[in-house]
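If you scroll down you'll find the structure; I have some questions about it.
Here the chain labels run A, B, C, D and E in written order, and each chain numbers its own residues starting at 1.
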Amino acid sequence: MLPLLVELPPLPTLRDTAFIMPEIILTLFAGAALVLDVALPRSKKHLTAYFSLIGLAFVAIALAQQVAMTASLLPISAFYGMLFIDGLSVVFRFVFIVAAAFSILYSIKYLEFEREQRGEYYALILFSTLGMMFVATSGDLIALFVSFELMSLSVYVLVGYFKRDKRSNEAAMKYFLTGIFSSALMLYGLSLVYGVTGHTNLGLISETIAGYVQGGTAESGDPRLLLMVALVLVAAGLLFKIAAVPFHMWAPDAYEGAPTTVTAFMSVGPKAGAYVLLARMLLFALAPMREMENLPGWAALLAVVAVLTMTVGNLAAVTQDNVKRLLAYSSIAHAGYILLGIVSGTDMGYQGVAFHIMTYTLMNTGVFAIIIALHRQGVIGENLNDLNGLFSRAPSAAVLMLIFILGLAGIPSTAGFVGKFFLFGSLIQSGKPWLTYIAIIAVLNAVVAFYYYARFARAMFLNAPSENIADASPLLLAPSVRITLTLSAIAVLFFGIYPQPLINVADIVAQSITTVYAQSSGIALR
Amino acid sequence: MSNDLQNYIPLLMSFGLASLIATTLLITSRLLGPRIQTREKLMPYECGNDPVGNARDRFSVKFYLVCLLFILFDIEAIILIPWAVVYRALAEELGNKLFVYAEMMIFVATLFVGYIYVWKKGVFDWSK
Amino acid sequence: MVPLSWYLILSAALFAIGAVGVFVKNNIISTLLCLELMLNAANLAFVAFSIFQGTIEGQLFVILVMAVAAAEAGVGLAIVIALFRNRETLDVDESSLLKL
Amino acid sequence: MMIQWLWITALHVAPKWLESLVEQLFAALPVWLTSNLTPTDATDFIVWPLLQIGVMLLIVLTVVAYLTLAERKVSAWIQVRVGPNRTGPLGLLQPAADGIKLLIKEDVIPFKADKVVFTLAPIISMVCAFIVLAVLPYGPHYASITNINIGLLFILSVSSVGVLGIILGGWASNSKYPLLGALRSSAQMVSYEAAIGLTIVSALIFTRTFSMQGIVEAQRSLGVWFILFLFPSFIVFLVSAVAETNRAPFDLAEAESELVGGFHTEYSGFRFSIFFIAEYTNMVVVSAIAATLYLGGWYVPGMDWVAAQLPAAYREAALTLMGVTAFSIKCGAILYLFIWMRWTFPRYRYDQLMELGWKWLMPAALANIVLTATIFILGKELGLVRSVKGVLEMAWQGKVFFTVAGFLSLFPILALLNAINRNSRSFNLRAQRTTIPLSTRKVKLSPGVKPA
Amino acid sequence: MTFQQLLFIGFAALVLGGGIAVVLLRNPLYGAFALITSFVGLSALYVMMGAQFIGAAQIVVYAGAIMMLFVFVIMLLNVRADEERPPRHRFLVWLAAPLALLLSAGLWLAVAGVQGDRAPSGEAGTVERVGKNLMTRYLLPFELTSVLILLAVVGALHLAKREKE
């Protein structure tokens, strides 16, 4: 017989299981939602939505148990380093839960209206959330890849959820093809990372690479060359997912064709998941490759991408009339801003990334919620013209929309401004002149962005209602949605004026990133 | 060459030999048989009638669904196989016997949810 | 003995072929086939690294990638079927409702 | 029994020259025969295995040829007919006559067919059927051609590729019946293949290896056939195997007496007979797997004891002889069962076929995995079984426990199947009858007339 | 050149030939068939390396299951060969060979230094080893896979099934 495994690791204990309690609950609820869907009659299917919301509440409660763990900045590892609990993972899992909960809440009426009310929809959102949560906690390439695919695969299905709608089909196809292509790129990159380092554990990879970068080049060859190839492939795969510029072509189509609720979800949830994965790969596993001797590190690479991304995103957004496409380009631009925070490499930058993703989640889902409500019989509600005279028809909705739009534009006294301030400020704070130039470009970009966001305001407040919108019926804002929207609008304003609480949260993320980064060669994850 | 690899050489040979036999037989039959080709003989068979329409029409999507389910159960089997093989050894080595048992039960239970779902969606009811 | 670099070169070539195929093919199903080729190139690299380094992780990765690929193929072809039902064509470029 | 004893005693008193002859014979046999796992040069691992494979292919082809005759004879016997009896004594030359006839038939390729694929499809079928033969354990290790680590998995994978031959053949014909037949055949094969894959998992808990020889050895070391421990699994395997080979009562796609002949409608002459050979070879393979997994392969309880009674020189030879004989008898029995089934059970409808696969066999296989794992853990907790260096060891109590538990586990499985299929319409005749409302009955019976 | 290297070249040719055929053949069914050939070659390479389980799984999962699904869908939708249109991005076809060469050469350069071409360790890919690690160390992704499969069933079923209204 063969020699068996040399040393078996100790079994996962209850402690390990406690760390994935939120995920376990989420899985149970997702499975139960499926069974519930089969059991419920057609007229009662919307109950699955409420069931899923309850599930998410339980998940949030279970996750709250882990908040205390972030006090010690060192990450906790469980399941033999497969899991990796730190500030980043805890905070972002909350973001995912909020994104999922908002999307579910805003979907109920919409799906009812489209006669596509089914339990699968909510189950798929929960599955996607599960994937995101594991992306945020995984500390191993294998777990990262599988959970990342779990996240994306459910979104592919969600994009094509309206299977009788050609645009939905096509959007799903485009998103699927680009998504799998980027996965394949990333996978090949990961295989090279594994090949060079011999590990799949992020901590061990980081340690090994640090050794190579610092002075392991005296041997016959230079492993950094292979690492560069790997880096490019992994980064390309990830940039595809966050729709950064050379790889952004799919985003407007997918955003436009997808059901609006799904657009709202994918613009915040899975995208944030991709940011987290990017952070994990670049700021942890490949952190030593930020800047290298004689070779370009990923910082320079990413800076170029960031500048291109925000410029192209903003310029393209200006010409759009379709709200969903416009918001797609706006989200591309925002991706550029967020990349800046990663490029800057300072505490402030990381705070900005976390802060901006959190507030962006609120603002973007808010905007989409209003657009979803605009969608009524005979009105697709996706054109900018459909917003005409919204203030006279539905004043409260118009005001809410205005607040979110201003937040996205980054007007002072909204939370959007604080995020951008941190992101741009971090570039200047880093003290490198080339980053300062980038900051200037970014500010110019933000000015361009004002223009297209202002078009929303003009349409809503100044333009008369268009003739072809026959019905003056009130928007489909359920009380629960109305309350949620109001609360998030208040939050946008509140954190714009008094951002300190949220900055503290963002600081947890930043601290966990910098701690790990500082010790990236010293942390053994086992 | 590792000792283990040698066991695979006969497979390669039997592959070659089998394809050789098949082609030889086909060629022999081609050489031996008569060749009188008529239009009727070369027509697709439709119980004596002239063929109607295109043969390659589209089919029920059920075939796709069955094949999809096959894939998923196939994957499940492929993943269960390493488990079944190491089940005994691991149960001994780890000390905790129920652990190896439980992890598979979780896996099977997850898929069983899918099985119930698929059943209730009527994929297995061919006549519907 | 076959050196590691041979396997890696084969895998790189396969990857490049697949990547080119993705861009070249008109038909969605052919595109999906090329994507499978790319995933397999990555698998080959994983297994080669795993064997030559004596670590097992690469092979575990490959098993899970196979499961992922199966799931992807299932979903992707389902999307193809849904698309075909509504559009009757599988041409990537033809009459795209969504502008580029 | 008597004869065996006589033989053994005869060997004991056999003259010295006979003993030395056997010894010399074994010494003269090339190295590969006793240890073809460690060949010394190219001749050893190229020429001899090639010869071995050639001989094996020849034997299997003959077996397959006579299997067709056997099928006809048995069916005739079941239907109280005579069967082929003109060519040769008892019709023994019938297969040869058939072969020659098919060989000199005209080779027709329909003009609409895709010529390349049309030619390739039967070859794929045949290669996939034949390549598996190399890993079957015909007898103790030197009687089998090769013993790879992943034998069972190899068989599974090759058979999953074999379906392609059928589907391509149907597609290439470019005709309606073959295409429909191919789709239905492959959907059916694929459904039951999944059940086979799952049911094998429960067997692997006991065997702990894929190697076909290893599976036999596992049973030999215990002195038990696994059918005792794994009876539900055996049933699932057997039913799935019949369906997997597209045989009656599952031969829906090619029900030649009711429908047009399935995927090979457009095939004639020797192209057809290649498909035919492949199908029968698959039968042999499937029965060999069943024999190996559940019936001990070449192992018969007591054969080691018998061999131990012999002088050392004969032991290997006797074991081989007994092993090969036992293996052939087991395969033959299962093959006979296949033929018997064909003439006993009426054909299923297609919906029944799919339902049987997915709603009955699949949950049965899944439940069996769970039950087998549970029973094993239980047996372990009770201290009835332990493994020493990877080899299972158990006293008679353990064997009794696992046998009883194996048979008893049939009941929970049946209960589960009954529970989940209570409202099944395909297999419940009463439910089927009541679904036809009176108003739609075509035949109106006048009052007072009783239906015949 | 040893026998093993010869074998490698043979199988590599099979793999590459299959891959190239996938790109060049216009009929998707032929393409699928070529891909299966390529997968068989890959599986043989895995077995040559010693990763037997992966080799078998490659055939069962890819050639036997995934490609079967492709073939079904191609037949289901009756996808004909591409019309006589030129392939998209034609220039890329000519770029393919240099690209492949470049990538390969770069990898060679990079790999030759790092790995120093160690001999493969024996018994690297046995089922036991794979299973043990999958069931202990990599338990979490393993369980996650079941959720992934469940998700794929749900999603694909929803998309492909025709609703009865």
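Miscellaneous remarks
The definition used in the following text is that a contact is a pair of C-beta atoms (placed from the backbone, for glycine too) under 8 Å apart; a residue touches a chain by one contact, two chains touch by 3 or more.
Bear in mind that the values here come from a model prediction, so they are computed numbers and not experimental data.
Centroid analysis (C-alpha atoms only) places A farthest from chain B.
Each of B-D and A-B has its own count of C-beta contacts, and the greater count is at B-D. Mean C-alpha position of chain C lies 7 Å from that of chain E. Annotation: 53 Å between the Cα-based centres of chain A and chain D.
Here the CA centre of chain B is 17 Å from the CA centre of chain E. Here the spacing of chain A and chain E, counted between their Cα centres, is 30 Å.
Residues of chain C in contact with at least two other chains: 8, 15, 18-19, 32, 43, 48, 50, 53, 57, 60, 63-64, 66-68, 70-75, 77-82, 85.
Each of the following residues of chain D touches two or more other chains: 148-149, 153-154, 160, 171, 179, 183, 190, 197, 210, 390. Listed for chain E are residues 2, 4, 48, 50, 52-53, 57, 60-61, 64-66, 68-69, 72-73, 75-77, 106-107, 111-112, 115, 126-130, 132-134, 136, 138-139, 141-142, 145, 147-160, 162, each touching two or more other chains. By the touch criterion given at the top, residues 117, 148-150, 153-154, 156-158, 160-161, 163-164, 167-168, 171, 179, 183, 186, 190, 197, 210 of chain D touch chain E in their complex. Interface residues of chain C facing chain A in the complex, by the touch rule stated above, are 8, 15, 18-19, 22, 28, 31-32, 35, 38-39, 41-43, 45-46, 48-50, 53, 55, 57-58, 60-61, 64-65, 68, 71-72, 75-76, 78-80, 82-83, 85-87, 96-100. Across the complex, chain D meets chain B through its residues 37-39, 45-46, 49-50, 52-54, 57, 102-112, 119, 122-123, 126-127, 129-131, 133-135, 145-149, 153-154, 160, 171, 173-177, 179-180, 183, 187, 190-191, 193-194, 197-198, 200-202, 204-205, 208-210, 260, 265-266, 269-271, 274, 350-351, 354-355, 358-359, 362-363, 366, 369-370, 373-374, 376-377, 380-381, 387, 390, 392, 425-426.
Interface of chain A with chain C (complex): residues 141-142, 145-146, 149, 153, 156-157, 160, 163-167, 169-174, 176-177, 180-181, 183-185, 187-188, 190-192, 194-195, 198-200, 249, 252-253, 256-257. Contact residues on chain B toward chain A in their complex (touch as defined above): 89, 93-96, 99, 110, 113-114, 116-117, 120-121.
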